[in-house]
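Have a look at these structures, which come just after this line.
In the two complexes that follow, chain A is the common piece, with chain B as its partner first and chain C second.
Our next item is the complex of A and B:
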């Protein structure tokens, strides 16, 4: 079942078009930075972007910070929102369910397929940004002496690579949280667009609430609360506090919304 | 062969599983908060003594401060406005008063202070720059002043045993911390009371709340500084140093901030007492702090190019009072007064502190009659 879903995902032109669109923004930013040599002012712009003019190896992280707040979750919401509602809208859901496969396995396969989409997207963005960063950005004499951590100390290349992969893994987990919310909504509505828009409403609402002092009591439970905590991996020593909270929060969202998706889908009377 | 019983899940049982998952997810973070907090029979006076003796207690941890002091002050006053008005996240490694490091955590960077004897390094990640300065006689408040131990010792500086009483314990950063309430004698301070919760073994303040009104004020405290993680042990030497990467530009500066520059070079010498408050800053200086405990203020002469924009910003503050010779604004425990008017050629005095507007006006009147000193 998972293999079938993965083949569908990888053969879909829409999958690759979405990945290219997500990758386009950081690529454009990288080219513009290289051409103009104008970085954002301190305190403005995404994390690490002000540093990439000195150290191009940080550009994968800057690219992650560019796509993580909006582009990547939108792509994930559209892909995961399609999972069940897309089949229903196309009228294929009841034929899929005729196969001797439990609805739980069907949902697991759909989630696994979205997870592969997230991993592919994050890797394409990171690899493109690394190539761009090394070729066009940064000062090699500084880079070869070690990357500067956020706390001012030096990070060796193995440390930088290890922490970058941890950051990518963390971002993937955060997107898995988005995917399960979209998957749940996809079991509730017949329109994939409705599921995707509903998911976007959740994380846009969460991002808005995070800016309000009045929402202090609930902020630690909002889904986007710890998305940018991957920056803490590049402090010296690593600040694990928000990362741990972020992992637990995303695991909680995945558990609750996947359980809700299963309960709703298993109960659903499928007519489409 | 006995027939196998197949248990089919009903919609209700499926949603019960979901409810169980939700309950488990909610219970995990809430469960520790339900455990009772242990108390000790330590007296308020003993706790007060312990706090005063905690300056060299080694510790490290994570601190959050929240301020409700909303005053529009610009970049010339450093990070003062940001520190007092919002949430600040800090990491601290403290060996003793001479050797410590405080990292102010920003979403996309850090602003760090590394203190070693008479020297402080101020590092900013996004500027990729570290500035080294000798500790000046006078400076503006900075992030390290808001750490619970530093703030706690400062506000309890002149508390008498009769002014403090025990509060119930509170779990702070996992520590069952006995509490202390200091209510200063009614006077000229804007501080109504201060609540401090203390690590019982070391006397280290773990949480400090500064209130400008009674404890039943729905607005809550004006300033809160609290550890969320703490380890009471001397941190290693490499944690309180600054091993700068080659990518960091390190420069030495003669002056730290506008208060330091004014204190050294402005054409005034401040008296040893001003409006009844003793000067804390030593030497012949033009800028200084006065007073003690919760009744203290800073007096700094500013040039018109610094004073004029600040005056315009202060005028935007709610409840601001402007007059012939001064602009006064108060937010919570902090009062700020700036003398003079726009485009005055002479110096304007900035007076800011935890004193009532009337008291700062007395101070301003005394400052305005200070003579110019030609040779400094």
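Our next item is the complex of A and C:
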């Protein structure tokens, strides 16, 4: 069933259009930086962006930091919100279920296909940004001398590559959290758009609550709380505290919302 | 005779609304079963319960001898279904859609898939279709594709909801011929429809649903057996009325309905009395009359002249609440 879902995902023009749109923003930022040579000062703007003018190989990380707070979650919410409600609205859900495909297997396959979508998007963004960074942006320290970490010390290239992959993995996990919330909502509502917008409301609301002192008691449980903790992977030594908390939190979100999606969908009347 | 579909007291509430009320369906293997009812009478909900899409509030359903929805994974691979409108992924071609659906679920084999897809398309008359996406299909083509999708696994039981919807007369004839051919080869066909003529031309047994209750379930031949009345058309209306007098049920213009099972004897009697007979035929009720009488949804003249239980007792209990 997962293979079937992947075929559906990869053969849909919307998938590729969404990925291109997500990719467009960091590309635009990269081109603008290269043309104007005006980077934000260190400590301002999206993470890593101040560093890319000197070291273009850092641009994949900067690109990730650009798309992670908004663009990527929106794309994920739309794709995952489509999962059940979209098939129901198109009428194909009933034909899938009478094939028969078990409802649990269907949900798992949908989540897996969203995961592949996220991985694909993150990889496209990272690769585009890397190519762009190397071609257009600074290349001062693409040498054996290594790259400067956020903490000021040097990171060797293998270290940097390893940490970059960890960061990508972390971002993918965060997006899986978003996807599971969207999947749950997708089993609740009739319209795929409703599920996507509901998911966006969750993470926009979470981002807003994070800025309030009054929400201190719940802030550590908000879904977006640790999204940008991947920056800590580039400190020397790595600052694991937030990353660990972030992984635990996202795993909990995935587990809780997947269970909720299953509980709701298992006995739902498919009457569309 | 084995049973393809059997339900006992099948009931479905949507919130406080009673959609299906204590249904006792009985479809035998080899039947072409016509499931009739007005829009909103609960046909689709029943079909969905049989297929495990909607869960019954109470009662049981057995399909091909196994309990649904419990045994869905063993039963459904042998069932082909079209539920209300056909549906497909609009950006893919019909062929790609069938291949995709064929790849879903348990026991799907990659081997022979292209052949199965081609066979199914050939059967419904779409064998020569090009690679255009389903989005560009006409309603009739979508309907045929939906049917192909139901046929691809060569099911023992076909459950079809309004299979000729959107087809032109030629298409309707094709589909009817196809279903009868499949039935002759051993497939049980369960067709729900509100097109009475459709059912009348195709089905061996019918069940009639009225506001969630099964009000009739019987062999079509039994339903349509002579009613014990004869319809006479004559230009000597006055003579005929005098002769037949109290045997006349109704008389409108030159048409007289006589309570008499024997048309031949009546003909002799009329001729002997010098009444010119233009037409004399044993009365058989059309399915339309039967259904309208059973459901009481149509004109009340049918309700008075054709009682529900005429033509033999129903084979199953009808409309017994759970």
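Note that in this section the second predicted complex is superposed on the first by the 265 of 272 C-alpha atoms of A that agree within 3 Å, B and C clash if a C-alpha of one lies under 4 Å from a C-alpha of the other, contacts with A are read in each partner's own complex, and residues count from 1 in each chain.
We take it that contacts are C-beta pairs under 8 Å (C-beta built on N, C-alpha and C of every residue); 3 or more make two chains touch, one makes a residue touch a chain.
Here the structure is a predicted model, which is why all the values come from computation and not from measurement.
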Touched partner set for A:3, first chain B, second chain C, both or neither: second
Contacts of A:91 with chain B and chain C, given as first, second, both or neither: second
Partner chain in contact with A:165 - chain B first, chain C second, else both or neither: neither
Chain B versus chain C as contact partner of A:267, first or second or both or neither: both
Greater chain A contact set [chain C / chain B]: B
Which of chain B and chain C A:13 touches, first, second, both or neither: second
First (chain B), second (chain C), both or neither touched by A:231: first
First, second, both or neither for A:252, with chain B first and chain C second: first
First, second, both or neither for A:99, with chain B first and chain C second: second
Residues of chain A at both interfaces, chain B in one complex, chain C in the other: 267
Chain B partner contacts - residues on chain A that touch it in the complex: 42-43, 45-48, 50-51, 54-55, 65, 142, 145-155, 228, 231-232, 235, 239, 241, 248, 252, 255-256, 259-260, 262-263, 266-267
Touching residues on chain C, where the partner in the complex is chain A: 14, 45, 48, 51-55, 72-73, 76-77, 79, 81, 83-92, 96, 100-101, 103-106, 149
List of chain B residues in touch with chain A within their complex: 9, 11, 14-15, 17-18, 21-22, 25, 28, 62, 91, 103, 105-110, 112, 123-128, 130, 228-229, 242-248
Complex contact set, residues of chain A against chain C: 1, 3-4, 7-8, 11-13, 90-92, 94-102, 267, 269-271
